[in-house]
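In what follows, chain A forms one complex with chain B and a second complex with chain C.
The block that comes next holds the complex of A and B.
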């Protein structure tokens, strides 16, 4: 293709990517090293509040921002603070103190590390499950009678088309309090069950929900891949006396390997940004994730404060985490790619 | 059958809306408002809408949208619905206007109690008060021969008896969903033990004796609540009450009306309200006072502000209150306090009275710090002393970033 043609083909998407991905990223990167504050003054203010029937007035010293007369906006100052926001998020001093005194449990008291622990566990535990369950469904469908395949594919795809927030809310409602599934479990075991009262049951539900939700995606990809397995190789394997498992292990899985890597990549990227489960399950008291932490910094409180600097730092740390996680599978893909070119 | 019910409901709602006296004038300036979405706001904005050319947005996320929307020029909304918690960013940014001249012009029916003065200027007009107070199953307490608890110790004693009798799943309900709700529980309890939130230099004073006592009381509550209490918000507690699963709760007065809603509630007429329990002898009820009211944007023309205020006064008139008497503890002239309002009024008029929720920048920061650090204490991961230190540290970090502390 001529360079000019190529250029006009990709120019719109490159432009969009620069505008909507690169520019915000640079902005967040810069903001993570800055702190923007209003210029504050302390003034004595008398505030009157209604009671029932009469008012109470109190005079107190209030800290309020200065408003610029000319523009009508609050005056702000922006300062470069280096890694201060990162220090505020990571709280390394406490981490070292905890390691120094061998109280490793204290590390999980710090929001960032608590969130990192869950995010990593969540990502790494669901990854093999999603690939395994996806592959199992694909094999089952592939071996099912032709007339059954359509309906089975349809049904197994359903979880994937549910909006994640709605899906997690449904699971929450099924189990919270005397939700129908908890009530059923209680009748069956004869015990009082509270799924949302401790961290480990919530985490179990989260793993279950994510696998249930994402496995159909893996299934579709694998099912497509299974259609291209070389029948000659498979038949010769049968003639050589390979068992069902050996055929899977030595013929099918190697054939699907690029797809497995692909799904692993997508899954790592998606899972590291786990968020819907935290909000849907209202699990903040027990379990939080990195993405939720960033969100929590950004949400303004009643007085309108947002911790934008810490949110930026936390977002950058999340991105660094994803990059580190992706290095392994990406290197493999790169090697395969170079090998394939020979 | 279903159709019949639907038709009946339609007819009744029509009746309801004609009960409002039609607007006394025709509004010809297009106006918009943004407020919270609870029943009282619906009544007020419905009454305003009768004058025409008015669009109301009722949104529980209003607190996130309001500061930015009012900062736009021209402002995206003319009228804002605020509480003493959410007025702070608007006051700080100067995006709401003083109302003195408008009150002089249209406010002849307002009582002095409704005028929210900041630094001598009227910045908002309050329409209702809200507070958390004790709601209890009067039938259960009567059956077991328990007097209405007035202190938290009595609440726990009553809870012990109810637990023993086994008449409900959990004796106490609590709005302890981690985050804002849980923090609010502490904000109620802590002044009840005589604690103050801040020192003069804006550092927080929660790491104190009163703080330890407040935490101990909150932890004690857990013995009597649903084990999943850390996910339960006001609506969840309201439903637990309605379904007869709990017997007592320190809950918002604005939720009282739902107890007698025959479509939802199985305990109609069985839930009574009394003043919020006190935490210590001679102390104020362990709760905070809130008001809800209206503000007018700065970034609109004077003519628009004039029309907006006139319309708001139409919404806050006697007719509206008469037709929606049970929707809130109204401050508007013409309100007749019913049984459901007894508890809230007893709370607000108690001596010493509970403090109003402080509308300051620092309180917003502290509220967030509380909401994030308290769960670890209640799940038992951290002891009380360490939790208070963590709250202090978390507040200090946030306050430095916000520029409140050096």
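The block that comes next holds the complex of A and C.
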């Protein structure tokens, strides 16, 4: 295919990606060094209250935003503030104070570090669980009678396809207040349980939700992979006296290895932007994630202002994280490409 | 299967039990919220599961089904679903002009859905009342069931507006991202150049970006777009914030990396000899694409379209930040229920709204299970 034809085929797609993905990235990068504020002016205001004989008048200085006469909007200025927004997000002074006084727990009180800890733990804990559960379901389905497989796949796809916010809400409703599962747990342990009153129980439910949501995806892919396992290799393993577990460990898992890496990669990307769970479980008071932090800065506060520069700073920090996570797999792809795989 | 690979009974039982447990786990939360949505608030959040299922409080307020009602209702459901797979396809095929089969199906499905809702929620309840009054003791209700929350959600709270917005956004996302994506996917599949490789890698990096990063980039521009664009478009320049079509453009772009990867792997499965033959016969690349490739690419396009649909339909972050309250889609709108969640009635209404959002997805899996599975595996094997 000539370059010109190729260009016209991919142009619309590339144009959209440049306009709506690359350009916003540049914009976020610049915004993170700027701060946009309303222009304030100090006005002397005299307020009088009726009093006996004479009015009581007080004058005071008030700070109010200047309003543009023509458009009726508040005037704003944009200043370059360097790393100020990053400092506001990272709050390194508090971190150093916490380290200096050896109160490491205090670090997790700061929003950004709290979010970072949760996001990383969430990603790393759910990853092996998703792969393990997905593989277990795939093996079990492969074992089941042919007529059962269709319905089982249908049921398994439901958690995968459900809207993430709704999925986490559906689990939230099972446990909220004296929901049936909380009541069952209380009867079982004999204790009064409130699942949404402390961070660690919420986190457990979130891990559970994510595994429930993603395991079907891993299952379907592993199941497809299992159909192509080389039967001859399996049989020779049996002749060599390999036990069932050894066959799984040395024949099936190596065969599925590319798929495991694929799932791990996708899971890293998706888990790193954990967000819907926070909304569904309404856990913002206890557990937050990096993407939720940016979202929270972007939502207008009571006065209708959005903290765009702080959001940009936290977005840039989030990006740095995903770049670090992806460097290794990407380097491998590049080496494969160099090696002439294409 | 040979004797050596035969499994001991214990293993078979264990694997079967595990599978049954998984199916229960997978379906339970979804089935349970569906049950909850039909009960009065006290029943829905009762600590005793039996009370949630049977709904004594709901029954006491006069909303209940007797045994004949249940049998009749189930029979109606059974025939309705069966007809959807037998009668409906025949009708659709008879009444659609050739070449518009997709449109015919969309119209057919919509009409079927409307008629179903009218019959099930409008006609059946009065019929049940008559039956129960005739039957006497047999007609005493045993199962509490009420549709009042659905009526409240769709009627009073005007959820249909959110539904329409969701439909506009998803339809836009699916059509545009498929149009743009098939062209790019075809180009990438047929070009072995280094540039194509780097484009794909770039797309992979874009796929990894958290969406909030991008939205932080859009927001200031979208809010002030009227002033920024004024020098170019004059008085017609729009404020992009709150515009569904702006959100469609954003979601299409976010979805592009995934779309082109997936379509590329589908196009690679179509033998290149096919379009080479067309080229020999004197077609240009575009003609070859339109006349030779387009007729055979539908399975891949349908699968990719399904995933685009899911992205547009399930999105919370982008739509909640870039659309305002007037044209909010369904998923962010449900978050509105938490904020004013003062009574338990509101909570059950939120449950009913959640079930309403899930129902179309349920139908989607039922109809397109095969395509979803093939899409998932195609991405893995090639990607």
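Of note:
The rule is simple: the second predicted complex is superposed on the first by the 303 of 342 C-alpha atoms of A that agree within 3 Å, B and C clash if a C-alpha of one lies under 4 Å from a C-alpha of the other, contacts with A are read in each partner's own complex, and residues count from 1 in each chain.
The rule is simple: a contact is a pair of C-beta atoms (placed from the backbone, for glycine too) under 8 Å apart; a residue touches a chain by one contact, two chains touch by 3 or more.
As the structure is a computational prediction, the values presented were derived from the model and not from experiment.
Of the two partner chains placed by the overlay, neither chain B nor chain C lies in contact with A:204.
In the superposition on chain A, A:320 makes contact with neither chain B nor chain C. Of the two partner chains placed around the shared chain by superposition, chain B and chain C are both touched by A:282. With both structures placed on the common chain, the touch criterion links A:301 to chain B but leaves chain C unconnected. Shared-chain residue A:25: touches chain C; no touch with chain B. Contacts of A:177 after superposition: both chain B and chain C are touched. In the superposed pair of complexes, A:97 makes contact with neither chain B nor chain C.
Touching more residues of chain A than its counterpart among chain B and chain C is C. In the superposition on chain A, contact of A:273 is made with chain C only, not with chain B. Shared contact residues of chain A, touching chain B in one structure and chain C in the other: 176-177, 282, 299. Residues 35, 37-40, 43, 45-57, 61-65, 67, 72-74, 85, 88, 105, 108-109, 111, 176-177, 194-199, 281-286, 296, 299-305, 307, 309-310 of chain A touch chain B in their complex. Across the complex, chain A meets chain C through its residues 1, 3, 5-6, 8-10, 12-14, 16-17, 19-28, 31, 36, 136-137, 139-141, 143-144, 148, 150, 152-159, 161-167, 169-171, 173-174, 176-180, 182-183, 212, 216-217, 220-221, 224-225, 234-235, 238-239, 244, 259, 262-263, 269, 272-273, 275-276, 279, 282, 290-292, 294-295, 297-299, 306, 308, 311-312, 315-316, 318-319, 322, 325-326, 330, 333-334, 337, 342.
Across the complex, chain C meets chain A through its residues 2, 4-5, 7, 11-12, 15-16, 18-19, 22-23, 25-27, 29-30, 32-33, 36, 45-49, 52, 179-181, 183-184, 186-188, 190-193, 195-197, 199, 201-221, 249-250, 252-254, 256-257, 260, 285-286, 289, 310, 313-314, 316-317, 321, 331, 334-335, 338, 347, 350-351, 354, 357-358, 361-362, 364-366, 369, 372-373, 376-377, 380-381, 383. Residues 63-64, 67, 71, 73, 84-86, 88-89, 91-94, 112-120, 126, 129, 177-179, 182, 200, 202, 226-228, 230-231, 236, 240, 289, 291, 298-299, 329, 331, 344-345, 348-349, 353, 356, 359-365, 367-368, 372, 375-376, 378-379, 381-382, 390, 397-398, 401-404 of chain B are the ones that touch chain A when the two sit in their complex.
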